Amino acid sequence: MSKVIVSKDKCKQCGYCVKHCPKQAISFSADFNSSGFKYAVVDDSKCIACGMCYTTCPDGVFEITE
Amino acid sequence: MSKVIVSKDKCKQCGYCVKHCPKQAISFSADFNSSGFKYAVVDDSKCIACGMCYTTCPDGVFEITE
Amino acid sequence: MAKGKKVPEKILRQVPFCPGCGHGIIVRLMMECIEELGYNDNVLIGKPVGCASLLDNALAVDTFTGAHGRNGASMTTIKRLKPDMLVVSYQGDGDAYNIGFSETMNAAYRNEKFTVITINNGNFGMTGGQMAWTSMPGQVTATSVNGRNVELSGMPIRVPEMIASSFDTAYVARGSLFTPAEIKKTKSYIKKAMQAQIDGVGHSLVEVLSPCPTNWGLTPLASMERIVNELVPYFPLGEIKNKGGK
Amino acid sequence: MAKGKKVPEKILRQVPFCPGCGHGIIVRLMMECIEELGYNDNVLIGKPVGCASLLDNALAVDTFTGAHGRNGASMTTIKRLKPDMLVVSYQGDGDAYNIGFSETMNAAYRNEKFTVITINNGNFGMTGGQMAWTSMPGQVTATSVNGRNVELSGMPIRVPEMIASSFDTAYVARGSLFTPAEIKKTKSYIKKAMQAQIDGVGHSLVEVLSPCPTNWGLTPLASMERIVNELVPYFPLGEIKNKGGK
Amino acid sequence: MGDMVKGNIAMGEAAIRAGMHIYCGYPITPSSEVMEYLSWRAQEAGRQFIQAANEGEAMYMVYGAASIGSRVLTASSGLGISLKQEGVTYMAAADYPAVMINVCRYGDGLGSLESGQTDYKRETRGGGNGDYRNIVLSPSTVQEAVDLVYLAFDLSEKYRNIVVILTEGALGQMMEDCDYPPMKEVPYYDWAFDGKYTHGPYPSQMAVDLHAKGIKNNEKRAAITENEQRWEAVGVEDAEYVLFAYGIPGRVVLGIVDELRKKGEKVGIIRPISLWPFPQKAFDSINKNVKGFISVETADSGQMLEDVALYAKKKGFGNVPCYFISSPPGVPKSKFVLENFEAIKAGKVKEVF
Amino acid sequence: MGDMVKGNIAMGEAAIRAGMHIYCGYPITPSSEVMEYLSWRAQEAGRQFIQAANEGEAMYMVYGAASIGSRVLTASSGLGISLKQEGVTYMAAADYPAVMINVCRYGDGLGSLESGQTDYKRETRGGGNGDYRNIVLSPSTVQEAVDLVYLAFDLSEKYRNIVVILTEGALGQMMEDCDYPPMKEVPYYDWAFDGKYTHGPYPSQMAVDLHAKGIKNNEKRAAITENEQRWEAVGVEDAEYVLFAYGIPGRVVLGIVDELRKKGEKVGIIRPISLWPFPQKAFDSINKNVKGFISVETADSGQMLEDVALYAKKKGFGNVPCYFISSPPGVPKSKFVLENFEAIKAGKVKEVF
Amino acid sequence: MKEIVFAGFGGQGVLTAGLVLSQVALFSGKKATWMPSYGPAMRGGTANCTVKYSDSRIYSPGQEEPDVIMALNIPSFNKFISMVKPGGIMLIDSDIVTCDTNVRSDVKVVKIPGTTIANELNNPKALNIIMLGAMVKLMGDFSEKEAIDGMNDMFGKKGKNKYEAANTAAFKKGYAAV
Amino acid sequence: MKEIVFAGFGGQGVLTAGLVLSQVALFSGKKATWMPSYGPAMRGGTANCTVKYSDSRIYSPGQEEPDVIMALNIPSFNKFISMVKPGGIMLIDSDIVTCDTNVRSDVKVVKIPGTTIANELNNPKALNIIMLGAMVKLMGDFSEKEAIDGMNDMFGKKGKNKYEAANTAAFKKGYAAV
């Protein structure tokens, strides 16, 4: 099964993935990453590994494994 | 009556006026002008002062007087 | 539709752009296309002067540092001397259309067989958001604080259309990034543009409407909205010219 | 139809061009239009670098000596600072379309309200007949001794069409000189172009297909024939854009 | 008392006060605020502003504007000024006035954004073809920047010569208080094109006797050299070592000299304000037994140093060794300069000339 | 025995022989024959040629070509070279080699078409921003032009530095016999981009420690200065006056010195062949009691003169006066130079430095 | 002559805080300089400026040996702690700079809970002014009134009078906090 | 060292005549230089070149004091007559240079009816070669054969062998005319 790996420290909180995840599986963290941003968090139970988050993210936060 | 005045020393022998004179009133001289060109000569008897020669001449050789 | 997706390995480190900047997406698309076309080891990218300058050391492929605007010229000789190499000129709109207008147009005019990707973010991002020739009428920038006055500075320029209609090049398209679908289309344009080069058909150019949240003074999401609402009507998306393969 | 015709008094001496050179006719047309529009005492001509350099001291009007190709820029500030002055940029094709492409296009892009006359003689006359961007496919020039190879150097450029289709300017036309009728048409284009400036409508440009017998290696009459047979089919004559008066 | 104001903005305002009619430019760090400020301020003051497609185009716009006798300004930095060089030499050939600000960034090519003085050679020798010389003025405070820009327009017109304000990123970006000079409204110069052929033909270079023109140019240069040398000097009368530094390093070295002299060290400084003409008259008051001249510059290699050595020779100090202190990009650290000075005094450094 | 050949064409052929891969340029009198010749000759020899839209574009083409390690040539004159200055300084920043021929025409701006030496300052000091120096070589015969162009490509690669051939209209246009060196086929340099990222990142200036780079640059310049000084000297060991002249004036002055020495006059000449590095070593053999140095140049004002004075000072001749003879556009007339020399000897002319 | 560095993230207002201090100095009849760091590393990175003031001519406007440094984040603290003049002061927002600050025995580290105070004031943007208040007190070169008047004069001239009350309150809180 | 100027209208072949002479000199083992006038006045105006040859190094390639001048039109005669070295030669086509040539007593004016000869040869373009033949004879530095061989060698290398007979005939006529 595919899975999404999130490199949280790369996230800059732009919100593109949150907006475009077809399953609303992504939300922002409560805390900050090392760069001072609230980062994207994926709800694995909702995620269908469609890769939309990978596609929209400008900062290479996501990896979809096979 | 209009008349054509020819500044013969300005002529560079390009032949435009000769070609475009509707009355074939222009021919080249036998001798050379001061710049070494055979220059345009107007046959007044044929000329109708239409000004085509003025229009085509790159070197300002012609003046049509009123 | 489970298929692995991973940032191309030739991107060595995180791209250093502002949050939500389109450069990050476009650089990834470019690197994906290079990888997928099998040119990871026979490629040269022309880097401009602009926010893309920040790519220094970020890409593990040969990356030429161009003079501001002039990569249309520099890529010309590189491609002519190395015809088998995939040569890609990545340029900002200020770079390609303002200072480099002559070089950009002349390369297209000569139908030089390399690929240009221009990032149309409607301003000079790098230097603090001054007016670019792509800035919209009324747009507030650092050099048009009361909004761009097109009476004095002209209407925004559409270089892809000019190239497509004036020169005999291979491929011209304009894409954007505001939905995953648009991003995928844009990627397909970039890939076709590179393919046209590989096939020796001719010059190719893809312009991408790209957000600059920092200088637009908008959030990333609002920036994408602005693209949809304000830019796309003036800068239509899609393929403008496609001469097809050999 | 007896009407006096005399070379405009502002032409002080014989123009110093080669026999049959089109420059001589076009300069006269320009000066006639200026005179007829009543601007003899409120005019500035931008002189280029090219054979028109030979006009030094020949015209009794203010004549600015431009940098090669760059009068699109210099005329811009002159006209902006002196909006009531008739400002005319007289330029060779090499000057306006090669080295000065960016300045020429940018002035049109900004719709600067001056008039450009470009002399398309298909080469760099002044420097001995090298290839210009207007040289025809196969044309032999000093830098294309085996004939212009458009595979490497592109198809001849049609700047008037580019300007007309890309920018919101007032007037664009192309004329020639091969018959008295064509010369008169060309004059009417030049006059309308100046009128568009005077009326403040916008930027205007007239290109003139002009013989360069010396570098074409043809007689003056044969040069005119070449224009009719070889150039006009590629560079169509007529008004390309006319926004009309105010 | 003026308020704190950025060097770049102060220069923009000074140009308005000096009666500038039009600004033409293209943005580049660290000069962009000059044009950003003028992009609205010019209009407000009834003047004009135009953003060009690039620095070259901007300079040809300057060329046009100058030809009709307007006061015209352009500003840029290092490589932007490189693109203007053909325009600059055309201006020189035509004896047209204009003011050009170079807010210098350090380095060759793209360079850095950091402050530097690596363009001295180019500005004082001319990067365009030919024999011309620009008048080059270099301020070391915001107030001086304002005063020099204001003066520059007048000098430019007086001699019909480009005046370059060669300043540095640090001065363009820093703030300091300054007082502005009064607002001037200046008519277009009357020697210029007016559309009426008032002044007859203006032939291009090709139609001119260039040797005769060259002789005139030399006379003009001699007059400028005689009249327009500007500098600040401290302690040179009894100095064993005289330091030369302009711009930001100039003020830093003034501080060092102040400090050293308080300690009783016989050291002096000449801070050139005019870089061309180089203030050779400043040598007249230098101690005849001076042991060395030291040029302190934010540059890899001694650029002003060549002028120091040349005029040392000319002014009878032909055997006084000339040293160089190369300060890294940015504002020179006093400590760094001091250490290098000590090393020179201790004989640990070889002179360059 | 070679046939009579034009300087410009000879230089074009020399570039082909030296293994030039590509020529990029834009025509301008009096250099155009270089490119006209190469427009067909390059193809014939299996090399490439491209006519750019202007000189700036040509230089950015050079920049690209150099980046992949090809041998690249451009040629132009005065103001065409002005347009290349940004490209030149980019090349310097990247340590890229190329050969650039300046067939100098006299004057500022558009200048004349006549032969001149008014670009010395710019070529030796750099017209682009920054601290770089081009290697500058100047021939005085067609044969020497061929030899120097041939050498230039090697020097350019050895030091990864632009080499400028600074010659004059007169040499470009004249004919003389010459022998060509052998034809070389040179592979692309292997330090360059090959598409495979073989050499890792090539960061822009902005990502580089410019001070560290500056130190390296200084070392490179020191090496060039040590190794690459070239000159021809006659009669300097016992000379009361040493004349300095390069290029066409160089050969004219050689003739004058030859003549004067035959008459028993103690006069010498140094004809610099490398203008940068200036042949300072040539001073080592000069008579210590020399009374004066005289720079003869086809220029309004003394350009090389500054180097003569600088290195005079450096080499222990700090108190020897340096004079200038300004020859009008064209080939200097021996008589003119002689008269001026006599005036200097007679004390009727003031030294400049 | 005093030399002060203001350092923090872009957006925290450190450049403005420095500017206010320099303007206060001018207002009090002193000479002042303000020098920002600028450069390619600016975007999204740390920002800092150096302010100097003096009764007489200020020679170098650059960073030499700061008497006082205000650091509003950890990277700034780490970068600048070594530069403080021996005997000088490092002023930090203890809410943000939570790392070990006990690095130099010859530097006095003054901690203000700036963020907390700002939140109390319901004005998170005022952090820079709060810290500035504290700094002015620490420096002892200007009276509270002098400083507030100088500050308000500056914002007033920029057409930002409407923030006068809020700025004054913030400044006072900071001034009172040390 | 000899210095010769060839002057006339553009199109009369004076530059080529000069080139042939310089090439003949090379062919005979001498050093030679050829320097054209060029410049803005070229178009349609007069053209001239200066040729020097010598057994040793030629210093200046420029016009100094010509030993011989060939003038093929009146403007050239007028321009150059004052420059001829005292005792030197002015060689003219007497068909064209019909003005008073009796200007300098210290210069020998040699008149050749070049145009007439060319017409006789039915080869009007050969005027320059005819005049060159005369000049070579006058100079006395090269034998007729040496000169003709050098000339034909040069044209041959340029792929113009087909004119060899005509050129040779023209040269000989000129050579014989003085």
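We call the chains A, B, C, D, E, F, G and H, going by the order they appear; numbering starts again at 1 in every chain.
Rule of thumb we're sticking to: contacts are C-beta pairs under 8 Å (C-beta built on N, C-alpha and C of every residue); 3 or more make two chains touch, one makes a residue touch a chain.
These numbers come from a predicted model, not from an experiment.
Number of steps on the shortest path from subunit A to subunit B, with steps defined by chain touch: 3. Set against one another, C-E and A-C show the most C-beta pairs in contact at A-C. Our note on geometry: subunit F versus subunit G, Cα centroid distance of 55 Å, whole angstroms. Here the CA centre of subunit A is 53 Å from the CA centre of subunit E.
Inter-chain centre distance (subunit B to subunit D, centres taken as mean C-alpha positions): 26 Å. Under the contact definition stated at the top, the residues of subunit G that touch 2 or more other chains are 40.
Residues of subunit A in contact with two or more other chains: none. In subunit E, the residues that reach two or more other chains under the touch definition are 29, 50, 53-54, 56, 79, 86, 90, 94, 109-110, 112-114, 204-207.
Of all the residues in subunit F, the ones that touch subunit H in their complex are 1, 3-4, 29-30, 112-114, 169-170, 173-177, 248, 251-252, 254-256, 258, 330-335. Residues 21-22, 24, 48, 50, 52-54, 56-58, 60-65, 67-68, 70, 72, 86-87, 90, 94, 188, 193-197, 201-207 of subunit E are the ones that touch subunit D when the two sit in their complex.
By the touch criterion stated above, subunit C contacts subunit D in their complex at residues 101-102, 105-106, 109-111, 133, 152-155, 157-158, 161-162, 165-168. On the side of subunit C, the complex with subunit E involves touching residues 49, 53, 65, 67-69, 98-101, 124, 127-128, 130-131, 133, 142-146, 152-153.
Listed in rising order, the residues of subunit F touching subunit E in the complex are 56, 77-79, 81-83, 85-86, 89-94, 104-114, 118-119, 121-122, 125-132, 204-206, 208, 210-211, 214-215, 217-218, 221, 299-301, 303, 306, 309-310, 312-314, 317-320, 322, 326, 328-329, 352-353.
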